[in-house]
Amino acid sequence: MIELVYFAWVRERIGVDGEILPLPPGAATVGDLLDWLATRSPGHAAALSERAAIRVAVDQSFVCFDAPVTDGVEVAIFPPVTGG
Amino acid sequence: MIELVYFAWVRERIGVDGEILPLPPGAATVGDLLDWLATRSPGHAAALSERAAIRVAVDQSFVCFDAPVTDGVEVAIFPPVTGG
Amino acid sequence: MIAVRVQAEPIDSAAAISALTAGRDDVGAVVSFTGFVRADDGLVALTLEHYPAMTERALATIAAEAEARWPVTGGSVVHRVGRMLPGEAIVLVAVASAHRAAAFDAAAFLMDWLKTRAPFWKSEERAGGTTWVTAKASDDTAAARWELVPAQSD
Amino acid sequence: MIAVRVQAEPIDSAAAISALTAGRDDVGAVVSFTGFVRADDGLVALTLEHYPAMTERALATIAAEAEARWPVTGGSVVHRVGRMLPGEAIVLVAVASAHRAAAFDAAAFLMDWLKTRAPFWKSEERAGGTTWVTAKASDDTAAARWELVPAQSD
């Protein structure tokens, strides 16, 4: 299983703060995971369609889309940060 | 007459805060004035010998040694500033 | 040495700044940056959302990086979260050092990194509704001054 | 808009900083620099001498130059003179602006200019006697960042 957490408008479009899902078969990278997630609902599709506006952290560290995803990790998906 | 004012170690070496003197004949520039002042006493000489360590303001504005000096101005002589 | 903190309460900048020199005689320079909510275009309130599990780690990383780059004697990073009104402080960065260049650079670096690497998101509340603030390219440019890698590249 | 002041009394940095945002909602960033007396090498006290007739003019010039270069909403430059002890503040520069880059740059500029163009001289008091502080080439280098002409060239 992987734990997905969403923030800002990614959270709003998907409609939940997060979800716990089995790692989809054949999903080896963050990019694969995003492709699969986008097929889950219209909300997921709306949140993840514009890939350039998406940032991902695996176990609380920023990663690139080609980073590996393995069972048991926490994957956070959100827009570029705007704090400070 | 010109009003001379001294600060920091220039003041200490000359031994007075300032002095009012007639503009020396033939002194057209700040450099001429410094050359003449250096002949007035051993203290003046000690204060003004190392010309690279001297800064001058005429009527409260920094000037170069080739700036003109005219009757009635205030000439301040001091080391490079070290405030802030 | 650089303390980091996330809080819902108002930020007391004066206390954080003065704490960096209290009882010390080896500090030559303190630089502080405080960011405030501006009432631009009829803004009513700003809400800061964050990713709590990551925020602490991100701020500690930022602080450690600044300490590694500059000889700071102390510092404080305080970021507020939740809803706040125009005129209220969003973030405080204060850095103490023996000399001014290190204090200025470390404070600017911390802010540039916070803007591009810390998991905070702003939403703006106006009469017409609430909208998410878009990240600025100028913030990435500012962060690049320190040769930091961007938060993510495809 | 940038207020300047020379005083023998201790500097109240917190009051000067908070005054820049009091009752305002158009300020997005405040950057402050405070310089302190360090107890380096057994320093007992520092005395700041200045050229009163010129100081006010020099500080007003510095402030006007900063206002011309950056869109500041307010600022404060306070320089202390006379004798002060380790840990005490020598100088405060605080600048407010809508955006952080202007506030950072204007504050750094004001300090760099103060260090090279304002008529103040420091003397250091130690057990062995009192010596005048020598100007640092690094201060001229820092001032040159802003393409300022040096205080004087032969």
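A few remarks follow.
First chain written, first letter: the chains are A, B, C and D, and each begins at residue 1.
The rule we apply is simple: a contact is a pair of C-beta atoms (placed from the backbone, for glycine too) under 8 Å apart; a residue touches a chain by one contact, two chains touch by 3 or more.
All figures in this text were calculated on a predicted structure; none of them were measured in a lab.
Annotation of chain B and chain D: not jointly contacted by any chain, touch as defined at the top. Taking the CA centroid of chain D as reference, the farthest chain centroid is that of A. Each chain gets one centre point, the mean of its Cα atoms, and the points for chain A and chain D are 49 Å apart.
For the pair chain C and chain D, the distance between C-alpha centroids works out to 24 Å. Touching of two or more other chains is recorded for residues 35, 111 of chain D. Multi-chain contact residues, meaning those touching two or more other chains, do not occur anywhere in chain B. The complete set of chain-chain contacts reads A-C, B-D, C-D.
Residue ranges of chain C in contact with chain D, taken from their complex: 13-14, 17-18, 21, 24-40, 86-87, 98, 100-101, 103-104, 107-108, 111, 138, 142.
Of all residues in chain C, those touching chain A in their complex are 35, 48-51, 53-54, 57-58, 79, 90-91, 111, 114-123, 132-135, 139, 151-154. On the chain B side of its complex with chain D, the touching residues are 5, 7-9, 51-52, 55-57, 60-65, 74, 76, 78-84.
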